[in-house]
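See the structures that follow.
You will see two complexes here that share subunit A, one where it goes with subunit B and one where it goes with subunit C.
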Partner chain A sequence: MLLKITSLRVYFKSADGFVKAADGVDLELYPGEILGLVGETGSGKTVLGLAITRLLPKTAAVSGEVLYRGQNLLALPEEEMRKVRGRQVSMIFQNPLSSLNPALSIGEQIAEVLREHQGLKRKAAWQRAGELLELTGIPAKWIRSYPHELSGGMRQRAMIAIGLACAPSLLIADEPTRGLDVTIQVQIVELLHAVTKGVSPPRSMLLITHDLGVAAALTDRLAVMYAGKIVEYGRTAEVFRNPRHPYTRALLDSHPSNGLIATRGFSPSLINLPPGCSFHPRCKKARKKCAHEPPLVQRIGMDHGVRCFYA
Partner chain B sequence: MLEVVGIEKVFTSGIFRRRSIEVVRGVSFRVNKGQTLGLVGESGCGKTTVGKMIVRLIEPTAGRILFNGIELTRLDPRKLRKLRPKIQIIFQDPDMAFNPRWKIRDSLGEPFKLNRLARGREIIDRVLELIETVGLHPEHLNRYPFELSGGQLQRVALARVLALQPELIVADEPTSSLDVSVQAQVLTLLKELQRRFQFTCVFISHDLNVARWMSDRIAVMYRGKIVEEGKTESIFGSPRHPYTRALLGAILVPDPEAGRTWRVASLNHVSPEVNLEKAGGCSFQDRCPHAEKICREKEPPLAVSAPDHRVACHRFKDLVPVQANVTGKVCFL
Partner chain C sequence: MKLNKRTTVDVSSPCRAGFPRPGGKKGNIVMRRLLIQRLVSAVFVMLIASFLSFSLLFSAPGNPAETILRQQSGLDPTYDEIELFMKRHDLNRPFLVQCLQWLYLLTHGKLGVSLRTGEPVLEEFTARFGATFQLAVAAMALSVIIGLPIGVFAATRPNSLFDHIIRIVSLAGVSIPEFWLGLMLMLCFSLALGWLPCFGHGTVSHLVLPVVTLAVGITAFLVRFVRTNMLEVLNLDYIKTAKAKGLREVVIVWKHALKNALIPVITILGTQLGHLLAGAVIVETVFSWPGIGKFFVDSIYARDYPVIQGFVLIIAAIYVLVNLLVDILYVYLDPRVRYEGRS
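Here is the complex of A and B:
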């Protein structure tokens, strides 16, 4: 096992109470595997990624265990963690505009990572930075451009190039295809596949995405998150073919190719979660018990689990 | 009504080695009041630049933009300031729209104050109402932008624009950070408000399914130009331009059963770096499966190919009409 997360809780202190962004997350990732993390906006996907890389703000109270190659990252001194970050585990962030440095050209930003983490010399790093940009479909002549001179999708891809510059054993990619048109999306999917499955030994990836097409194409297993909890996990094909959690079903039914179909109701407040099953106010299958008792994860097949009483 | 006539944009960058790039070249279209034009096309083709020119955040190098008969491109600053609240953009990067040091409450309240739309207690009520229409909770008002998830911030950005009850909205990938279900809620809301308030909308999206749902008309851009434009049904029903066809053939629909090889490939991933300015002719020639001699010699004009449908391709008459199968198409082999 490359990564084993047990009972991870991330609570943010706020004026209104604790925001339970991750509320007892268990997750496993095998070497060479691509695990997809999908789910509702605001359900805690990014927070989970930031918890693994320990990049959460100070207002976050974190508990539980994040075992990476048997080592608990949550207990590591910051200095050690810095070594893990980059060479071992790296993250492609969701918001390129605030993650890129506006004062440096994208070439410099990629080269900097290459020098620091791969020990490349100036010239080699610059060369490689150009190659990485090309891989994401940005012609190398853009290398001297500043973030504000790029289009939204190009900035997004520059972020991917930075993430790949580390060549980590575990890549956490947070919405890497957001806002990209289909042809570029395909190119990025192929690229992500090539840098994980295509190298030997294969590398692992935690792919956070709300694009179900991308998740279907790229992931081996899928975990579905709702209100700070994993509500379903399983092999990707199995989850798509046979979704068992009412939320997963609603999500799959909402694909725009089926028309504009929304799950009724809105996501709950993470400060005042509904009692019992967090999904019960919106669930079509809810019964009395759901409003009182929180469901535990039930295993319903080989590597397929669902957090629902009536799955 | 919004009317865009031959707008162009040339950016110059670099301090020592100055270079200019033509990003938008002669784009014209029209959007009737209360209607939506979907603007689609490859990443970097110039969609955001067009959007920002419409709301006058960047100055076009040439061309005219008219809204309700008023020429925005010629308006003096004072008149423009008065018109500002009526013409709004939802930014592609929602962090652009917010002051990172302001709480969401203040960011949402500000437009009311600034434009004297409400006062005191009323502002608080309006802000509360807004946050709930986009599916968020009062607690989110007490947060700073970085304390919200990507999709939450994107919805606040939308709420902020709706607060002003604009007459024209440029929505630049307004739902790109939302899961499909919340996206459906937000788009339904947007449509409903449009029906009620009759605002005109330019809707930029990479997601063709979404663009189709939202738009009355579609304009397909490629490298700074519109290559095809027409009614939504007409564009999806009988796309004529080879680029549009490639785009429509490449919609991804989740179907992991089908394996994971992609079938998108009528479009070659040629690096878009054939020096086209020098090459002349059609800007799609280096990737087009139908390119011929004439395509390298002459730039195709945007010509009428069917009633209310325009296409910029020399060979559109030779190409057999195809039916784009957007809904339910499986694109994994």
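Here is the complex of A and C:
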């Protein structure tokens, strides 16, 4: 197993109480696998990604375990953690315009990772940066261009090139297709597929997205997040064919291809979560029990689990 | 600087009309356009500034003949004396005629003669500007060398003990009036300790007290400004990216953050330098520093029109020059500026 997350909790202190962005998350990621983490905005997906690489602000209280190759990243000294970032676990952020440094050329932003982690000299690092750009579909002669000179799709390609620089075994991609034209989205999805499944041995990726289409196209397994908890997980095809949690069903129904059926209500405030099952106020199937007893994950098949009493 | 390197990469890329950068072809065009724009605007800025200062003084009460004659003889001048003086210096001509006369002289490269000293204005300026320049550059350099690292350092440890101390000290620094600080330093280091001369000009030891007096305020201001800007930049997305890349904190702070935070800082420093080069009147007076500031103020009191107009003209030119330097630095610091003026 490449990554094993056990009862991960991320709380932020706020004036009104604790914001429970992740509330006991368990996740497993196998080598060469793409795991999709889906859920609506504010369900804690991004926080989970940042918690793995320990990039959350110091105000976040993180507990639990993040085992990467058997090593608990949360217990690692900062200097050791820094050497994991970018070299073994890379992140690809959404909105590459603000995530790339406007004052540095994209070549420099790739080359500096290589200099830092692989000890390459200036020239060798630039040479390799050019190759990485070509690999992600940017002509190497654009190496001296700056982020503002590139189109949105090109910027995301550059972002991916940075992530790939040191050939990490795990990529964490946070909404890599957000804000891009649909045709460009397809290209980015294809590129992400090529740099994970298309290399040998295949590379693992945690794909954080709210776009079910992207998740269906790329992922092997899916974890559905709602209000800081994983409410359903399983093989992607299985979850799409046979969604068991009412929230997963609602999420699938809300997709345009399924008739754009909106779920009633709003996602709850992460400070005052409803008692019992967090989803029960919006759930069509909710009964009395749901309102005061929090459901545990039930295994309902080979590698398919659901956090619901009546699944 | 790596940006200076000429690019050997083919700039005729397919979808964009090449990437302008300082060393490259496009960069040169941007730079040339910038220079031409600045030169044209400089002429107008200088002329308007001297015209305005002249018309303000002309309409203000007070008469140069009276003031200067009283200064020279120590007695109240008679009506005839004043009339003679006015006639000799063409001061009784109409406003616009005087303006045009001055412009005519200017086109022949002359700034006229001081009514007070009888010396050419340009000579009065050049004789004093060296001292002012020395003071300004030294104070600026000292402020940047001390203020910049402290500001950056404080921003990387917000709300630490160091940060709190720096904030209090810098607040004191920006609040202390220059004349008081100058006198206190003089009291301390020249009268009590006898380490440094308290006035005069010539050696490095003469430079210390006035430079420190000027630098305290600028340094304190710089620390606060750099700190604020760095704090802002350190919260941006690309800093998170830099962290996710596993870069060292030194690299993140001094390369990724500072390069972006410096952009507004450079603007402020340019304005400050312009101010200093226009003469630090208070410090020059306190330390009897032979710069342009004190002479300029004395000329204003005496209504020494040619000096005032000439000095304003030259100081305006210096401002334009400093701003041009800032703009050139901008082009190197912020690649986005290189697009300015392109269709």
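Here, the second predicted complex is superposed on the first by the 272 of 311 C-alpha atoms of A that agree within 3 Å, B and C clash if a C-alpha of one lies under 4 Å from a C-alpha of the other, contacts with A are read in each partner's own complex, and residues count from 1 in each chain.
Assume a residue touches a chain if its C-beta (ideal position, glycine included) is under 8 Å from a C-beta of that chain, and two chains touch if they have at least 3 such contacts.
Because the structure is a prediction, the values reported are computed rather than measured.
Participant: Look at A:Q185 in the shared chain and tell me whether it touches subunit B only, subunit C only, both, or neither; answer first, second, both or neither.
Facilitator: Only subunit B is touched by A:Q185; subunit C is not.
Participant: With both structures fitted on chain A, tell me whether subunit B or subunit C touches more of subunit A's residues.
Facilitator: Looking at subunit A, the partner in contact with more of its residues is B.
Participant: For A:L296 in the superposed arrangement: first (subunit B), second (subunit C), both or neither?
Facilitator: Neither partner.
Participant: Who does A:E112 touch here: subunit B (first), subunit C (second), both, or neither?
Facilitator: second
Participant: Quick check on the superposed pair: does A:S145 touch subunit B, subunit C, both, or neither? Answer first, second, both or neither.
Facilitator: Both partners, subunit B and subunit C.
Participant: What is the shared patch of subunit A, the residues that subunit B and subunit C both contact?
Facilitator: Residues 95, 98, 139, 141, 144-146, 149, 151, which sit in both footprints.
Participant: In the complex of these two chains, what residues of subunit C are touching subunit A?
Facilitator: Touch list, subunit C to subunit A: 7, 9-10, 13, 15-16, 19, 21, 236-238, 240-248, 251, 255-256, 259-260, 333-336, 339.
Participant: What residues of subunit B sit close enough to touch subunit A in their complex?
Facilitator: Those residues of subunit B that touch subunit A are 11, 13-14, 40-44, 47-48, 92-93, 95-96, 100, 135-137, 139, 142-143, 146-152, 172-173, 176-185, 187-188, 206-210, 213, 246-247, 250-257, 260, 262, 264, 267, 269, 271-273, 326-329, 332.
Participant: Considering the complex alone, what residue numbers of subunit A touch subunit C?
Facilitator: 53, 55, 82-87, 90-91, 93, 95, 98-105, 112-113, 116-117, 139, 141-146, 148-149, 151, 159, 162
Participant: Can you check the complex and tell me which residues of subunit A touch subunit B?
Facilitator: Subunit A residues touching subunit B: 12, 14-17, 19, 38-42, 45-47, 57, 94-98, 134, 137, 139, 141, 144-146, 149-155, 157, 175, 178-187, 189-190, 193, 210-218, 236-237, 240-241, 250-252, 254-263, 266-267, 269, 271.
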